[in-house]
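To start, the structure under review is shown below, and the notes come after it.
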């Protein structure tokens, strides 16, 4: 889970990249970085742990001159939180410097890495992205675009990429298009970002998405498109971008996120109606679906939980027990909305179930007579290998428990998930074959070369074969 | 505008104070501080510019031992942003150490300061709070509570205070009760905070509010109440706490904030109806009123503007112009909600008008057919001298322009303010005499000794005399 | 132990003050600060814990505009290491802002403080300097110089002071002149510093010393001298400035430091000769005396101990024992110089004795056949109350042990201190009545009002009465 | 110019490495780093710009667990001051993790780098050290020692190296032994450091030097020596380590540094005598040679220049001119020593000449009647390619000017360099064939593959052929 940006031919490239990273900060809060190339073909870069806002100031931006820049925000995943794994990733290879920013996850990186190591390659990070750079470096002939194409043919998985050499910027997206990647224009500059909300911030106009399987070179003559394979393959857009990950004001995979998320809420109301007095979201991610649920059901919508935005990850938990501490530092119930009421609480998904359980208890402690949990997605039963931070099967409550068992764990009066069926009923989302929903179904659209045991368990060797 | 907290007799007093400051962070983001007293009567303190979350970590909390602590978050007001003015304020005087945290603003601090200076007092800050400490120090006889009472009799204005000596904690509130101050209990400890949302976070139970004109001593025998004056005076609760400042999940001045704010929205819909397709709030502060407006009017509620929570004050504006830059880093429109629609946008107040104007233009640029601005409070025409950061009359757009002129400035299709009349129609708010609404009316309930020119201009020498 | 600086009428006053602080850094490494006044009479200041070099950079210096500035470096003394006690100290009093930087220590500060507190004064630090500011503030009539004079008449002890108002700079030195204070000139500016080495760095020419008991006002018309008392009193120059504290390249108390320190070494050689192969200093402070000893004795001088200048106070001592760890991180023996040799090691003084003992053992471990310790000052038997950080009597080895006992503790083959008699034989130092040597004799030249028990123990109520 | 350390089998390996880095800090102040391997074969590392003392504290040391650690301090050389180039350098290759710390400089790194890039290797730094890691990674067979040996056979130049895998520590030194590398023992641990002064600090006993061309494996069975080539080759010990670079208390290349440096001063006195009143060093590096000069000549030794140790590289030079600013922040003259005197000032070397010129002027400004400059090494005429930071020929004053011309530039009354002949007269240094003195002669003992133009200009293709 990451956000990326590339700026080509803008007098304030690094500042523009920085603003885009701020707009994409929801895609990753662990580390942020920007690399630029100046007129004299010198590379500059700065990356650090933390938020873009804290990492970059006027002095740092000034240390990143040039009309071309690439930026990256990275999500925290267990065990690999270190500066080595922060991006953009800058290397020097036979044809000069090369920078990359990567959103996604390769499924055969480990296999290739072992092959590369066996032939004498050295690695300085644990990122799959480093594998791509090695493959490019080993392609000795042709221009950069050819070399990148040749390298990408060897990797499997999800990748939206922006490269920067001292000459050109290159954007590329895997043939299934798991992760979004869109192109914008501002003045003379081209902009490539993960989500359109970043274009909005810098007044860039939306041009189009980078297509699945497309590689685009940006040079002084404009945009040049190359397709990785002649015939189209099945797309595998990540359905979770719509459910939770993308910002609601973004436009990705050809559609606006907000109405889809609201549509999930409407379908949920149709599928799991309940007599109640109030519909409340788990803010902020549950807001659009809750509004949809309220509209469809006719039950009044209220903000029954207030989110504290001044919180981080490092709260010092007192030794004296505070009930539901982890949830409480982020959310607080509004008594007037909940007291004596039958409450429908709408959230986008349930992972381990502990947070949802604490929320239910908090709502009930605020005086709610009934608490009905509604989830605007199907039960998550399988981990993601394409870039979303969903934990192992062991930790996924829905991988091991029935809906009724989960309801019991949550201490909710009722629990309703949006069905996998209904997920696509919202008309605009057809055809459903275009989406990867392996986290619900275990039908992984790309073989999991590096995770054979999950392949076996899911009984599915790249189920949606092309 | 500040938030305060006092903890008496808790084994983790500093950590509890820290958590309360995080819950009250919306009351002030400029600086934060905590002071504690340990068993050996030694004082410890730490304060810095920035957010409580960034200032305090486990190591700093460990450097603040003791079962008693006081904390403070401070709002940034022009010209006085410096560490000297950060609180809590710790002095050593004849009877030992004394710490104070202050929310509010005195109206005769300057006058007293001049008197004190004339008698040889020295000041190390520009805070009115320092005046209070001098007055207390000059009261030589009696116990601390008596000395504080004697000192407070000499000051005018708004003050909610928490003091800490090496023996006791003292909470005090001015006779008109401008600012909130509530008491809670957790285990063996007493807790005093500005808003109940801080009690919620640490699992403290609400005991009651500190009364206007009340001083409470917390010692090993419990709570001891003293009234500053024998007969009750007119209260002057700050109406702006309800309109904007307090968190919607708090309970202050005897009532829950959320339903009042929603009630303002309902009244607004009755007073300024309009034919429209969608009601959207300016998030986050406009949300409850917008929900109220939508419910009363029957027009669907949507989140048409998304707030970016990963922003701060130090954005580097690019030289290449970005339209509505300042607003854009915080808000982004959702096209699907706005395009081709007649939009009602609800906000809590208008100060200078420039932000509202940028928002209107942003909504229209997203495709809205009509933009109707609705404000859930009357026009702000007068500055506040009791602790809310409302600028000078010159900068207040409503002090100089008619509603129609403001509408023109905003480029809105219509503009409706909640009338001063209707502000109190929401039944629960009577009697209106209990509220200070000088920012709308110029009827200042306490003389402005230090600002005689405004007194004269408003034609009102403490209008609501007791 | 502190260093101070004042700059009057220089376009880069803060930068000049900063450079002077760097030159005076040996006088105090705990905290550093600078305050300036700009053309609009606004005060600016910045202070922090640590070295001037680390605290001030171009951005901070730029935040301290104006043609007048005052700076301070402070030594770490136990128990009071906190930012509150860092200087310069800035207050606002009846006649505006006032800044002070203080080198020295008052002997009746506590008494006055209790009186001030009894009359309602509040204190924000534990510094004696704050007392002076209160006294000035309470003098209501007359110009600043008169008020300072009136205030200083009430205090006893050692003080070299630089004040800054929005109009003038004032330098003052106590009647006995314990601490140095010199005046320089650079371009249009006046400069006041503790030691001449600071004048050298900024190319200022030496004008003269501020006289004991003199107060000098610097204004647009130049320098104006005022004497605190009509008749001259006995001076009490701190002999320890010559022995250890001042930099050897400075000129203070009317004489150059280097030849005096070398003279101590020569006298030491005459008083305590020994047959030896090599004379080595404990660097850096023992160097001039060791050179003097070598010259007088004819024994070759060598650098037998090398000082590591890349060390600080925060070394993490390993659990696995390292012999003489504390000394070793600072000093390392040169085997070739010491092996098989009879070594004379010259140091300036012995306080607790533990460091000297470790040095002796280190030299012997490097192969020295004999180790003869020579100290270029008499045994320190009494604490200092005038600003030098000499610990309590309990900790002073010479307060309780004979020279022979100390020699045994050091494990030295012989030990010789410069006698109190010989200290003044070096012709230039007469008359000896001009010096305070209470640390050797217990004859305190100013009563120790705040430390009556030491007064009694030393049997000396201000021995050198005027 | 760097300092390195390796610790094998010590319970506090990282802390020991840290202390050694502090002792070796004079070898490089740009960046410092430590990497460790813990019992579970996990690698940990931390590096940053700045001094070891500032970079490492107890918390950071605790984050570097394990009984094996490697550390590095790096000198600032123009153009490559960035964290990427900080060491130790950690990679993951086919056989696991591998860490290296490198002191020295390869002369064919660029050539190899181009070959590696041509075969698809990627680089993340501009360090020659990265080339070594690639070569090792490409050796697929054999144990680590064999692979390192095979890799080192391909590189030319100067290298003292310490490697760490999760199993063993390996130390290696180039066949000519340009840079020092010594082995010590403390308790159960082996220690490898650049200079013996680091062994002294941690109480390690000196075992022996790593021999030129030797590779030593440290494992649980002890030390295992391997020679890179069967027959001995000519050594090329860097003479500049003796002249300036090593600490005087160190023992390297089989000899103590201090007496050699003093011997240079004695030879200098014999070769360039002068009638004078005082001999002074340029501290600290000129001290031993000045003592030698004084002893040989019989002219008294004095500290005529005092060094300010509280300075760094970032002084803000005032706009108002200060004469000799750069030198002045570091050195200040002692008037009493210099006034009216004929002064011999001894320094170790002259590079560009500007600093020496400023020193001469400063001494004269302090009142010296005559200033005689004596340099304890021959004129530096050629850049170093083996790891000493000597600039390009253009910048070396002695490459283009005669001694008399340089004297004129310095404004000295006389100037005398130690002759190349006399450099080796100090008996202990024979045979002179064992030393690299290319900086004086241009006789480079190893071909400069990456700098063919200098090879040609010096007329010398590895002059001292084996």
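Remarks
Labels A, B, C and D are assigned to the chains in the order they are written; within every chain, residues are numbered from 1.
The rule we apply is simple: contacts are C-beta pairs under 8 Å (C-beta built on N, C-alpha and C of every residue); 3 or more make two chains touch, one makes a residue touch a chain.
Treat the numbers as computed from the prediction; the structure is a model and nothing was measured.
Counted as hops between touching chains, the shortest connection from subunit A to subunit C is 2. Each chain's centre was taken as the mean of its CA atoms, and the one lying most distant from subunit A is C. Separating the centre of subunit A from that of subunit B, both taken as means of CA atoms, is a distance of 37 Å. The mean-CA centres of subunit B and subunit C are about 49 angstrom from one another, to the nearest whole unit. Subunit B and subunit D, compared by their mean Cα positions, are separated by 62 Å. Not a single residue position of subunit B touches two or more of the other chains. Within the complex formed with subunit D, the subunit C residues making contact are 10-12, 15-16, 18-19, 22-23, 25-26, 29, 51-53, 56-58, 61, 186-187, 197, 200-203, 247-249, 251, 256, 258-259, 284, 287-288, 291, 295, 300-303, 306, 308-312, 314-316, 318-320, 322-323, 328-329, 332-337. Listed in rising order, the residues of subunit D touching subunit A in the complex are 90-94, 98, 114, 117-124, 126, 133-134, 137-140.
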